[in-house]
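Each of the next two complexes has chain A plus one other chain: chain B in the first, chain C in the second.
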Partner chain A sequence: MDRLSREEVLHVAYLARISLTGEEIEKFRVQLKVLMDDIDKIKSVKDYDDEMMYTPIEDNTRLREDVVGKMLSAKDATINAPKKNGSFIEVPVMINE
Partner chain B sequence: MSKYLDLDIRKIHELLVKKEITPLDLVDEALSRIEENKDLNAFITINDKVREEASELGEVDPDNLFFGIPIAVKDNIVTKDLKTTCASHILENFIPIYDATVVEKIRENKMLIIGKTNMDEFAMGSTSETSYFGAPLNPHDKKRVSGGSSGGSASAVSGGLIPLALGSDTGGSIRQPASYTGIVGMKPTYGRVSRYGLVAFASSLDQIGPITRTVYENASLLNVLVGEDDRDLTSVKKDKEDFTRLIGEDIKGLRIALPKYFVSDIVDEEISKRIKEVISFCDKNGAVVDIVDMQYLDTAVNLYQIIAMAEASSNLARFDGVRYGFRASDVNSVDEMYGKTRGEGFGDEVKRRIMVGSYILSGENAKTYYDKALMVRDDITKEFNRIFKEYDLIIGPTTTRVAPLLGNSKDDPHKAFMDDVLVIPVNMAGLPGLNVPVGKNSEGMPIGLHIIGKAFDEATIYKLASFLEEVF
Partner chain C sequence: MSNYIPTIGLEVHVEIKSKSKLFSDSANAYGMATNTSVNVIDLGYPGTLPTLNKEVIRQALRACKVLNCDITRKMHFDRKNYFYPDNSKNYQITQNRTPIGTNGYVEIEVDGVKKKIGISDIHIEEDTCKSAHRGSVSLLDFNRAGVPLIEIVTTPSISNGKEAMAYLTKLKEMLFYANISDCKMEEGSMRCDANVSISKTDVLGVRTETKNIGSIHNVGLAIEKEIERQEKVLETGGIIREETRRFDDKLGETILMRVKETGNDYRYFIEPDIPYLELTDEFINDSLKTLPLLPDELKKKYSEIGLSSLQIEKLINNRPSNDYFLGLLEFKTNYVTAVNLLLSDISSYLNKHNKVITDTHLSYEKLVSVVDALEKGELSNKNVKDLIDSLMERDLTLEELKKEFNIKNITDDSFIKDIITKVIENNSESVNDYKSGHDRALKYLMGQVMKETKGAVNPKKASDMLVKELNK
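And now, the complex of A and B:
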């Protein structure tokens, strides 16, 4: 069965910031290859215009007025944070990384 | 036990107006049905305040058709103070601090949110089996899936647990489960319904829509959901209209196109046969049905894979274990926190799509894959527009087969996309599409007809759907 190399899987996992276990790397070597082959099929579409469609909305330049709206309180903003200290969100040490 | 929830919504409303029943009666009936059908696994979370909310409505006079009616909400639409998990471990305990716009609208109309429905994790899948909480089952045959990604909403409505539900549709996720479970599901035109508060999967494709037992209820619920919203600048301002207005009219003179691809050999024989019966019925009733050639339909799945995975990889970057959701323990650096949180928090389908999406958007690949997909997407849209110059509607089967058995697509990343091969083109062009049941196959499983309309012409879709609903 066709599969990606371990290095290729680790490369896309790094791009996606997803850590994989050894078992997952083996599984994804095959499964990601299936998807990569699928997306490659776009290369065989020959007859197309070069106009790109980013959105189905015709008027995609609508903007709202720039006015001060309701703000989140610190309590609400941090209510779902997995680790916090008072109104601050805690993360691992970043300095000297 | 009472059977009020089996009545037409207009009849329920009448009983509420006459004070013969109360919203609490309806909620109690729904809760007891959910409990009796727990094995369907249609819900992830039940709203434990819903009885209290229903009691408060007991003293109020009904002011609209949906007053006091219980509704279920797909678990990727945020509900203030009510857990919203997206069927993922990474959001297992997430409590939103605001309501989605559609949730505000259903609350304004005094509907009662009974709970949050099961789904594919982050709406990625076609059977709801990627849910962290296990798959919802098909009420017609519990060995089969209820489709995806709005499988829980479909299972709940089809099983009679609840009359109404909200779903979301990025590549068929309302229409395909509606087809598998024999109910009515509408993906409105992109921009009809605000996406504010819908946890984004593929922003240029996602749209929220109603899942109901009947066409009339579907159109009526869409009346409530639509509208421009300054918090979603892709929502579109349109004059207010009543989507039920053409229901009940005959279909004489309606011009309908049936693309050859929709009845090609990718479709199961029994389904094709039923679609032909529908066509001859339309013919007999004065509609004109022509078989037409349409280019690019067979490329839609490929485009969807590229566009949806790319947009998903970007949208799901926000789940990093910092501000909300699960965070992996024992991490010593920020990079390690991101990687381990996402590695432990996401399921396989989501990981695959984020990884391939990140690859698609990296460096020169963005041109090779994403930009080219957007170009062909534009061509599909033009092709739909060409057909709609001559026809009012396009029809075909919603799915190529009836609901498959559980486990059928397990570990096959390709199959998850192919289940939606007939419904995906509609998302590419941003058009409205609806599933209406047109009978069952020899195994007793529902068959669905897919009706596609011109942009912002949902009313004509409902017209044909209601005409067929009476017969099939």
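And now, the complex of A and C:
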């Protein structure tokens, strides 16, 4: 099959919390299938997981000493937030998801 | 209805004590002003890279040791992908496939029966930011984002609420004593989710997850209520759905939060921004050598030096007094008397003045001199009560304080005997009562002796002599 099912595309869209038009769904059915095939190729590499080959560096262990560094002020920490409430960042409530 | 067998597993999140966060060097501190213990890594800014905190790995290794787990030597971190405002990266860095500890256990005792609760794994992960829900909006404070956590997952080996409570109490005690976490459920530094299913056969039933239960007592209650609920549903022909619930302690029941969809779709993959971690023997041994004595070891040690089980329990529940007492063991003195003092007059003083013992002038030498004086009868319990503020607050020896307070205790046996003879002569009715088996009369007579001596004799010594005289 050269494309994903409509349900598969809608599932991916749900995970990303985006809504798609009918036209977009059809477009992604083809495009995502190409992507999936490429991922399958990577997965087929032998021992990909077992030997932790995800990094090219040898002697990987890098640990940071437990020392506190510079921190932001509440003003700077919230400077890019679309909405603020005092020092808090305000977002739409998502309690019952 | 009761022939269902419950199967329970607990997932406990514990915040690790460290100076800085798991992947960033902002402070891991509770109670700071909103969004001030934060940097660009905690906020998930694009282009920032996480760096792994050495002390957190050491703490997690200590937790593995304390909980009898096998240690994973080579591990990586994983991304758990989900959309939710409590995590601005849209993924949490955790350990899905190579948890640092596996295959451990905690031994509990319920109603005199010992049982091992299996631990399937301990993994390290970052905490999310704290969200407070206000009507149609949520307010986010990122101070907690990136705080190091370990998640301790049991096997489904717990059979009821009582066992769950015993397990959590033991877990809390051990992690607290090992200085891994302060384990304060009320401040959220220890949080518990309970997975519960019931079945009449060997095939496990469908499980529900009750999240974020606020106290050990409520975990026990929530489990019992959830078992009852599931039994009712099944007995009336219903089915149990895989769902997330919460415990409402006012209603005393679990409430549905959400039905799980087609299982969690977190699309875990290896975190590419953190190189894999390979632990050497040297690093592991170095991390474990600072582990202090744990409650089970303390209980054994204290019982060997003659402390009662009540004293042991009280001492272990009072961490600062316990730590101080461990130092006292370097000195030779009567430890039972010393513990009595620590748990009575000294504790009262510390509670009243909201102090810890190390902030006072009560050196070990001074405490030993007080204990020895009590033993020799040179000081009475009443004297200690009179002196306690000065003993704790002033840099003076016991001898200097006795002089200042004009405490000249009566250790002269013949003088005590004269007083006792006088008391016996003046209270013939009570003496007769005592002789006819009324123990309360002895207390009255002792009171008279103490009154005559203005509390300046050792009560034990005087009591022994009084009984001897009465029995003549």
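Heads up, the rule we're going with is that the second predicted complex is superposed on the first by the 80 of 97 C-alpha atoms of A that agree within 3 Å, B and C clash if a C-alpha of one lies under 4 Å from a C-alpha of the other, contacts with A are read in each partner's own complex, and residues count from 1 in each chain.
In this section, a residue touches a chain if its C-beta (ideal position, glycine included) is under 8 Å from a C-beta of that chain, and two chains touch if they have at least 3 such contacts.
What you see is a predicted model; the values in this text were computed from it and never measured.
Visitor: Determine, under the contact definition given at the top, whether A:Pro82 touches first (chain B), second (chain C), both, or neither.
Guide: In the superposed model, A:Pro82 contacts chain B only, not chain C.
Visitor: A:Val34 in the overlay: touching chain B, chain C, both, or neither? Say first, second, both or neither.
Guide: Touch partner of A:Val34: chain B, not chain C.
Visitor: Quick one: is A:Met71 in contact with chain B, with chain C, with both, or with neither? Answer first, second, both or neither.
Guide: second
Visitor: More residues of chain A are touched by which partner: chain B or chain C?
Guide: B
Visitor: Now for A:Leu15: first (chain B), second (chain C), both, or neither, which partner does it touch?
Guide: both
Visitor: For A:Val45, decide between first (touching chain B), second (touching chain C), both and neither.
Guide: A:Val45: touches chain B, not chain C.
Visitor: So, does A:Leu63 touch the first partner chain B, the second partner chain C, both, or neither?
Guide: A:Leu63 sits against chain B and chain C alike.
Visitor: Do chain B and chain C touch any of the same residues on chain A, and if so, which?
Guide: Shared contact residues on chain A: 15-17, 52, 54-55, 57, 60, 62-64, 72, 77-78, 89, 91-94, 97.
Visitor: Quick one: in the complex, what on chain A touches chain B?
Guide: Interface residues on chain A, with respect to chain B: 9, 12-13, 15-21, 24, 27-28, 31-32, 34-36, 38-39, 41-43, 45, 48-57, 59-60, 62-64, 72, 76-83, 89, 91-94, 97.
Visitor: Give the list of chain B residues in touch with chain A in this complex.
Guide: Going through chain B, the ones touching chain A are 93-95, 97, 189-191, 204, 230, 233-234, 236, 299, 302-303, 305-306, 309, 313, 317, 320-327, 331-340, 342-344, 346, 348, 351-352, 354-360, 362, 368-369, 371-379, 381-382, 411-414, 417, 429-431, 455.
Visitor: What part of chain A is in contact with chain C in the complex they form?
Guide: That would be residues 11, 15-17, 52, 54-55, 57, 60-74, 77-78, 85-97 of chain A.
Visitor: Within their complex, state which residues of chain C touch chain A.
Guide: 18-20, 25-27, 33-40, 43, 51-57, 74, 76, 81, 83-85, 131-142, 257-258, 265, 267, 270, 272, 275-279
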